[in-house]
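Across the two complexes that follow, chain A remains constant while its partner is chain B and subsequently chain C.
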Partner chain A sequence: MAGSLVLIDSETVSSGVPSVSLTGVDSTYDVYMVIVSNLQCDTDVEDVKCRVTEGGTANSTTNYDRASKLLRASTSFSDQYAADETSWDMGTNIGTATGESSNFVQYIFNANNSSEYTFMTKEVAELNSTPELVGQQGGGVFTSTSTVDGINFFMDSGNIDSGEFKLYGLKK
Partner chain B sequence: MSTNLQFIKSESADNVSSFTITDIFSDSYDVYQVYVTGNGSSSVSSLAAEFLDSGGSDIAQGNYDTAIRRLDPSSTFSSPNTESANSFEYVYPSSTDNDFASLITVYNPYETEYTFATIQSMSNQGSKAIAIAKSTTSATGMKFYANQNYTPIVVSVFGVK
Partner chain C sequence: MALKTLEQFTAEAQTEIDAKKTANGGDGMFAQVNNVRREFTDAEYDQAVTDLAASKLDKQDNSYKEARQNSYLNWREQLDQLYHDMAADKGDKTGDWFAAIKKIKDDNPKPS
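So, the complex of A and B:
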C-alpha cells in the first residue's frame, strides 16, 4: 500500500522510568514519525529532552541545534534556540499536577543515512507547571553524519511517569 | 503490510453554519489526525471548533485555551492567544471567500485526560497553533463553526494506531 504509516516500535510507560528509547530506525524508510501522548513526569518544572541513538546508545555529544517558536496561551510568544547542546528540547517546564502533560509529533529525516545530518521537526502541545498551555513549533538538527538507529526521551531531572511513545516509518 | 494510519470517517456538508461529525474518537486510538478542507464563505475571520461528548454536548465549554502563530504572506506575523474560551480557532481565512485546509492532530480525546491539539492550517494566511480542552470528559465527536456558512466543509478523520 503506497504512503502507509508503519508502526516500528512502541513503549507504554505507567510508572517511573529514567528514559524511553524507540528503536528500529534503519534504511527501510527515509522519514520516520514519532508520536508521544500524555507524557507525565514525577518532578515538577522539568523539561522533556531527547537524543538520537547509535547502536542503541543515546549520543550525548554537543551536536544538537534547535530553533522553535514557543507558543503560550497567557503571555507573549518567544523564540527558543540553541546550538551545540547535548540534547534537543521537546517540552518546557512540565509539571506534576493533574492534567499537566506533554504531547507531540516529531518527524525525523536522514537518520540512518551516514552521509547526511539528521534533521527533525516538532510540534508540541503541553500544559506546564503554571499551569499554562504552551507549545513549540520548530525543529532541530543533529550535526553528525552518523548512522542513527533510534531516539531516546528523558527528563532534565527525575523520571517519566507515564506516556505512550510510538515510532513509525513512512512507507514509500 | 497494513498501515497504522487508519481511516475512520469522512463527511461533508454545504451551505451550513456549523457542522458536526460524530463517533470519530474511541478507545481504539490515543492520537487522531483530523483533516478539514472547505470554504468559510463570506466575511469570515477565524473558524472555530469544539469537542463533543457522546450526547452531543461540548466537553469544555468556557475551558478552551489556544495559542496561535499566524503566518501572513503580506504582513508581520501575529500571535493571538486565548484562555477560558468556548471553542478553539483551527484556521484563519481573514477575508471573504477564501478556501482553507487544516490538519488537527488530537491527543487523548477519549481518555480521562485533558484533550490537546496541535494544528497546522493554510488559507490566505497560514497558522501553527496549539489548543487544549480542559476537561476529562471523553470526546467522541467534533463541531465546526463558521461565522456565516461553510460552502462546503469536508472532514476526514484517521486514527494513528
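So, the complex of A and C:
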C-alpha cells in the first residue's frame, strides 16, 4: 500500500464549527478514502452526519440511503437503516466528556462519475455519551447520477469542537 | 404534552438559528472549507433551520425507541430469563421477563 494513498485535503478543526467540508474529488481517482480522527463536539448526544457536495455546495435532497450494523460494548448489536434521507449518519450519540469522540474511515466510490450513483462504506469506532464503545460497519448510496466533488460533515446540533479530517485518493 | 408538527419545530428552529447569526448579535455558525473558517451563507443558514427542525422532530418521534433499545438485555439473557420463568411456571405476565420488558416500555413511553 505504500505510496497508494494520495492526500488531497486535510482540515484540522480547533475552533467550533458546525460544518466541515473536504474538497478535491474529481476524475483523477475512482475511489476516495476519508479518515476522521478524534472528532469531538460541544453538545451531548448528537449525531455526526455527512452529505456529498456538488460545485462545493452540500446536496440536501432526499437521495441518501444507508444501512449499518451497530456493535455495542454493553449490549446486543442492532441494525440502523433508512432510505430517502437528506444525509448519511456517521457517528451516533456522541458525548462531550473527556475521551468521548468519534473516529471513522469512509470509502467513497463513483463520486465524480456522472453516470453512476455515489456509494460509500463506513467503519466507525466511538465512545458515545453513555459512555459506551460503539463500532459501526455499513454503507450508503447517494441515488443521484451527479458529479460529486467533495464531502461535507456536520453536527445534528451544536459544533464540531475538534478533529482531523483527511481526504485521500486511491491510486488506480 | 401534545406532539409538535414539523411546521412548529421549523418555527422554533428559525428563531434559534436567527439568534445565532452575527448580524443579529449572535456568535455565528461557521463552515470550515480549505482550512478557512467562514460564517454560513444565507443558503447554509436556511439549510441549518431545515436540519434542526428535522432533528427535533426525529427526537420527539423516535428517541423512545433508542432509550428502550439501550435498556433491553441482550437476546441471550432474555432467552435465559424466559427459560427460568417457564421452569418456575411463570411463563406469563408473572414472570421476570415480562416485568422487565414492561418496566422498560413504561419508563420510555411512545409519545402521543
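What we mean here is this: the second predicted complex is superposed on the first by the 169 of 172 C-alpha atoms of A that agree within 3 Å, B and C clash if a C-alpha of one lies under 4 Å from a C-alpha of the other, contacts with A are read in each partner's own complex, and residues count from 1 in each chain.
Keep this in mind: contacts are C-beta pairs under 8 Å (C-beta built on N, C-alpha and C of every residue); 3 or more make two chains touch, one makes a residue touch a chain.
If you're wondering where the values come from, they're calculated on a predicted model, not measured in any experiment.
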With everything superposed onto chain A, say whether chain B and chain C fit together or clash. fit
Which angle, as a multiple of 10 degrees, do chain B and chain C span at the CA centre of chain A? 100
Determine, under the contact definition given at the top, whether A:18 touches first (chain B), second (chain C), both, or neither. second
Per the overlay, which chain contacts more chain A residues, chain B or chain C? B
Of the two partner chains, chain B (first) and chain C (second), which one does A:133 touch, if any: first, second, both, or neither? first
Who does A:101 touch here: chain B (first), chain C (second), both, or neither? first
Would you sort A:7 into first (chain B), second (chain C), both or neither based on which partner it touches? first
Kindly classify A:86 by the partners it touches after superposition: chain B alone (first), chain C alone (second), both, or neither? second
Tell me the contact category for A:154 with respect to chain B and chain C: first, second, both or neither. second
Would you check which partner chain A:31 touches, where first means chain B only, second means chain C only, and both and neither mean what they say? neither
Which partner chains sit in contact with A:171 here, chain B, chain C, both or neither? Use first/second/both/neither. first
Kindly classify A:76 by the partners it touches after superposition: chain B alone (first), chain C alone (second), both, or neither? both
Min C-alpha distance chain B to chain C after superposition on A, in Å, is 10
For chain A, which residues lie in the overlap of the chain B contacts and the chain C contacts? 75-76
Considering only the defined contacts, which chain B positions touch chain A in the complex? 1-5, 30-31, 65-69, 79, 81-83, 105, 107-108, 111, 113-114, 116-118, 120, 128-132, 134, 136, 160-161
Touching residues of chain A toward chain B in the complex: what are they? 1, 3-7, 35, 37-38, 69, 71-77, 99, 101, 103-105, 123-127, 132-135, 137, 164, 166, 168, 171
Residue ranges of chain C in contact with chain A within the complex: 29-35, 37, 40, 43-44, 47-48, 50-52, 54-55, 66, 69-70, 72-75
Can you list the residues on chain A that touch chain C in the complex? 9-13, 15-21, 23, 56-58, 60, 75-76, 78, 86-87, 93, 130, 154, 156-157
